[in-house]
Amino acid sequence: MESTYKPKASDFAPVKSNVHGEQISRPSLSYWQDAWIRLKKNTRALISLYIVIGLALFTLVGPYLWQVDPALQDLNQISQSPAWPKTSILVGPYQRFTPVVLDDFPAEPEEYLENIPPPENIRTSEPPTTQHVRLVWDPVGGAGGYNIYRNQRVPEGINDLGLPLGSTLGGNEVSYEDRLNLESRNYYYSIVPTDGFDESYEYQTLEVTPKLAITFNEAIDRGLIGPGEDRELNSEIELEFHPFGTDYLGRDMLARLMQGARVSLFIGICAPFLFVFFGIVYGGFAGYIGGKLDQFLMRFADFVVALPFLLFMILFKIAFGIGPGESGVIPMLIALVILGWPGTARLVRGQVLQIREQGFIEAARLLGGKNHYLIIRHIIPNTMGVILVTLTFAVPAAIFTEAFLSFIGMGVAPPTPSWGSMCNEGVKTMLSHPHELIFPAVFISITVLAFNLLGDGLTEALDSRMRSRE
Amino acid sequence: MSETILEVQNLTVEFATYGGNVKAVRGVDFHVQQGETLAIVGESGCGKSVTVQSIMGIIPMPPGKITAGSAKLKGKEILGLSAREANKFRGVEIGMIFQDPMTSLNPTMTIGDQIAETLMVHRNVSKAEGRRKAISLLEKTHIPEAEKRAAQYPFEFSGGMLQRAMIAQSLACNPTILIADEPTTALDVTIQAQILELMQELQRTENMSIILITHDLAVVAKMADRVAVMYAGQVIETGTVNDIFYRSAHPYTLGLKVAMPSNQSDRNKRLTPIEGSPPDLFSPPKGCGYFARCPNAMKLCEDHQPPEQIIAKESNHTSRCWLQHPDAPSVDGLHQPEAAHAG
Amino acid sequence: MLVRTENLKKHFQIGRNQTLHALDGITLEIAENEIVGLVGESGSGKSTFGKTLVGLHNRTSGAAYFRDELLPAKFSAADHLHYSKQLQMIFQDPYSSLNPRMTILDVVGEGLQIQGQHSRSQIKEEVADWLNKVGLNSDHMSRYPHEFSGGQRQRIGIARAMIIQPKFVVCDEPISALDVSVQAQVVNLLEELQQSLGLTMLFIAHDLSMVRYVSDRMAVMYLGCLVESGPSDEVFFDPQHPYTQLLIESNPEPDPEHERSRQHIPIRGEISSPVNVSAGCRFADRCPKALDHCKTVTPKVTKISPDRLVACHLFE
């Protein structure tokens, strides 16, 4: 940058030196203000922070907005996938089904055919609902009975008819009532005639889509219809809304996720807070006292680290004896705290040993500062950054441990939901109803990821090496 | 005049930080000739280390960025080379030693093996040959019992011995230039004297050029042939060592000299400190970087960068100061060539 | 004598059978209003001596007196408080010696706050006053240490020690971490304060030229022992102990002509380890003038002129 400036004579006038009372032009920032500014520049950490806040709202405010009992079973909507609100038709109480038996048709086959033709004209005798599907068909000569199958897709051949529902015992009994776990979806009923011994190779299929049905009494029971309200039969009525679907017992997933979050986050936040607090006290004490006692305390910490975690958890659970109706949250919390503190204790001890050697501690000692003054005024504030970072990393670890233990059945006892135990239940129906596994799993993953990224961001923001003036 | 080995022109380096760009080096020019020692002097943060690190291609990029300039080693451009090309001259044509040898030596390898490895990579020698040469290099740097020492690890060496081992390693490929970045700052005076003597001896026997980066004027006085004084990312004065010490042509150089106690001076005479602190290169001053601290500051210094003024042509003595302008007033103690001055 | 030590020893137990002899019998007297410079290489124990003197280290044996009052061997917090107006220290590293979480007001006012005899507003006034005295802007007292440069931080450290107006201050390498242009600021400040407050100082440094410039008397340490002491200029220009001679020979000067005319120093070993030292002169293995008995007999301190002491067999 070569200057081409041609100076004038007046430019050479001397200037009074302007360094007295040195000025600092950069704005004044405390440690935490500075860290916050750094954190705000880290997009990932900021998004994670928002997610963590969102989770807190989900857990704390959510249940007030979504007032559904997580233990209530909605038997009309079992293993329901996430969907918009569903409607159902109101039906009367279940009426007993009278099979159709033709008088003018022989029950026994008159002749045994090589191959009996399939029955014609399969139809439903009444509108199909999830209460019942009633099938009737025309009889076939040579039939001594009919086998009824139900499939969830179009059968591709005689060996692909699906679930055998039952048989009729007579060529003249040409009806069947299906009440087996009916859902509001497409079913393919196939009728195969038999001669009483052998099944024919011919079949006929009917596609039926039963309508969701609910009886009057049940609707009143569940509060879908007010007690005084008058509704016509077969009119449409809105069912409970399950935005995240239901589980295998018909419990609302959203409500369960919220309650599960309470359990998971309670353990995930309480346990780290408790063991980090204990670790600070233990490690701080050991580090500050030093010498033989420090050695002894740290060897004890090593001993605790060496305890096999899973074995300890199982033994602890047995020893504690979770009685009926207890959730097992408290024993798990205690076990996590008992096993979790040595890491923090070691870290804090290291920090304290390091800080103890710093000049400002020596200066404060020379000024006559007593031990508790040194610890409260100088040592603890300087370990806060590291402690905060440890805490943010300990939270996802604890959440994950809780989920893992509950998943293998060693954690929270049913019916208390936690994300881990929900995964455990969801895994059983993973193939047919994947949402029961995916939702809790996604919540665990996002929470753990968000806390970890936030911890990374905090580490960076609080790192003193990056705080140099250049 | 002997051959120019390294020529650096208008080198400009910036660092991206949280708050914005820090202009660490702002248009630095210098050259090094065969067999001479160039000392780059300046305070911490003046950009002296960044300058040589940029030339060596070892500043972290990002956040570092060379925004302008060129550096020619024997006429060949070495800035902006790929890592692979840079490795061909780094450690071969240019050797480098640092303030803290521990950071640049591998703690899990013996000293001998590390030197041998340098030779194996750059000179294609066998392992046995490399080891043999490593021992002779250690002997060259006067490490006692070189053979035994070669089989030891860095932590078994004292600070002075490590610096010797570091020098031995940097000499492995017979470099034409040795860059020494504060080589003796961490050492005690008696050890410092030994290392400086060693560097002088090796310079004579190997006919190397040395770029010595230091903040210590006493070390400069002992070692340098020529000196470049850096301040706030710029070279503010260059010249022979006598020019700088006896004919200082920049108020900063002058200020540094009177701020240090001299052994001849009277103890009762007070030191004259340079008031204030160096400018924040976060937002470098518009005019002269030294304006705020300069006792002789003038009106135009605030807003106008002083051009490079030639003080003495034959010795290549230059200064970036408006006081060297023909119209400027003369200042006590400051060397101002008479011909150029009105009064 | 304001401060006096007699055969002061400080040993650190660093292993089962390993003892680090940081200080091995230091006898030193510091008169009121005097600045005594203490020089030596790293590992010579000069910082340990300073810290033992003010009670940051417990002495192993020997005695230390302040105004003929025996200082406790082990300082409790109450002892520190009792002596805080007598013994203070300025630290080497301007970065680690200020608590990064405290504002400058809290840092500088800490001494007054611990003594608990001042109200908050009185402390604030005093701090503003002292910040001005050390050349800082008192508007900056709500700022944090990381916002200041090394030299400014060192001045804050000086203000912290001086605010309770101690009699004796140990300056532990107060300028070695600072840039040349800033060193003079701090040295001048210390000299000004010494004169205006009538301070006594122990100035520890490894920069011989600076120690000679600052101090009235100079003491040279090698491996936990004092090898020579005397008036600064005498020791500097006429060193008697072979180690002092080597030290001063090695000290480069910012003067190229002088450096060129200087004789080249032969390569002579390094400081040995202070762990498990045996009897004999500590410098014997590096000494060019070593005699046979130097390695086995510990040299006595010899008075070679009224105020010069040397510990060397050559002078016995």
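Here are some notes:
In this document, chain identifiers A, B and C correspond to the written order of the chains, with residue numbering beginning at 1 in each.
Here is the rule we use: a contact is a pair of C-beta atoms (placed from the backbone, for glycine too) under 8 Å apart; a residue touches a chain by one contact, two chains touch by 3 or more.
For clarity, every value in this text was computed on a predicted model and none was experimentally measured.
A simple rule picks the central chain: find each chain's mean C-alpha point, then take the one closest to the mean of all protein C-alpha atoms, which gives B. Chain centres here are means of the Cα atoms, and by that rule the chain farthest away from subunit C is A.
The chain pair sharing the most C-beta contacts is B-C. Mean C-alpha position of subunit B lies 31 Å from that of subunit C.
Subunit A and subunit B have CA centres that are 61 Å apart. Subunit A and subunit C have Cα centroids lying 64 Å from one another.
Residue positions of subunit B with contacts to 2 or more other chains are 275, 277, 293. In subunit A, the residues touching two or more other chains are 22, 26, 469.
Across the assembly, subunit C contributes residues 149, 152 that each touch 2 or more other chains.
Touching subunit C in their complex are the following residues of subunit B: 43-44, 142, 158, 160-161, 188-194, 196-198, 215-222, 224, 241-242, 245-246, 255-257, 259-263, 265, 267, 270-275, 277-278, 293. Within the complex formed with subunit C, the residues of subunit A that make contact are 21-24, 26, 28-31, 358-360, 362-371, 373, 377-378, 381-382, 384, 464, 467, 469. Of all residues in subunit B, those touching subunit A in their complex are 15, 17-18, 22, 24, 26-27, 45, 275-277, 280-283, 292-302, 304-308, 322, 325, 327-329.
Residues of subunit A that touch subunit B in their complex: 1-5, 7, 9-15, 17-20, 22, 25-26, 37-38, 41, 466, 469-470. Against subunit B, in their complex, subunit C makes its touches with residues 41-42, 149-152, 179-185, 187-188, 191, 206, 208-210, 212-213, 232-233, 236, 246-247, 249-259, 264-265, 267-268, 270-271.
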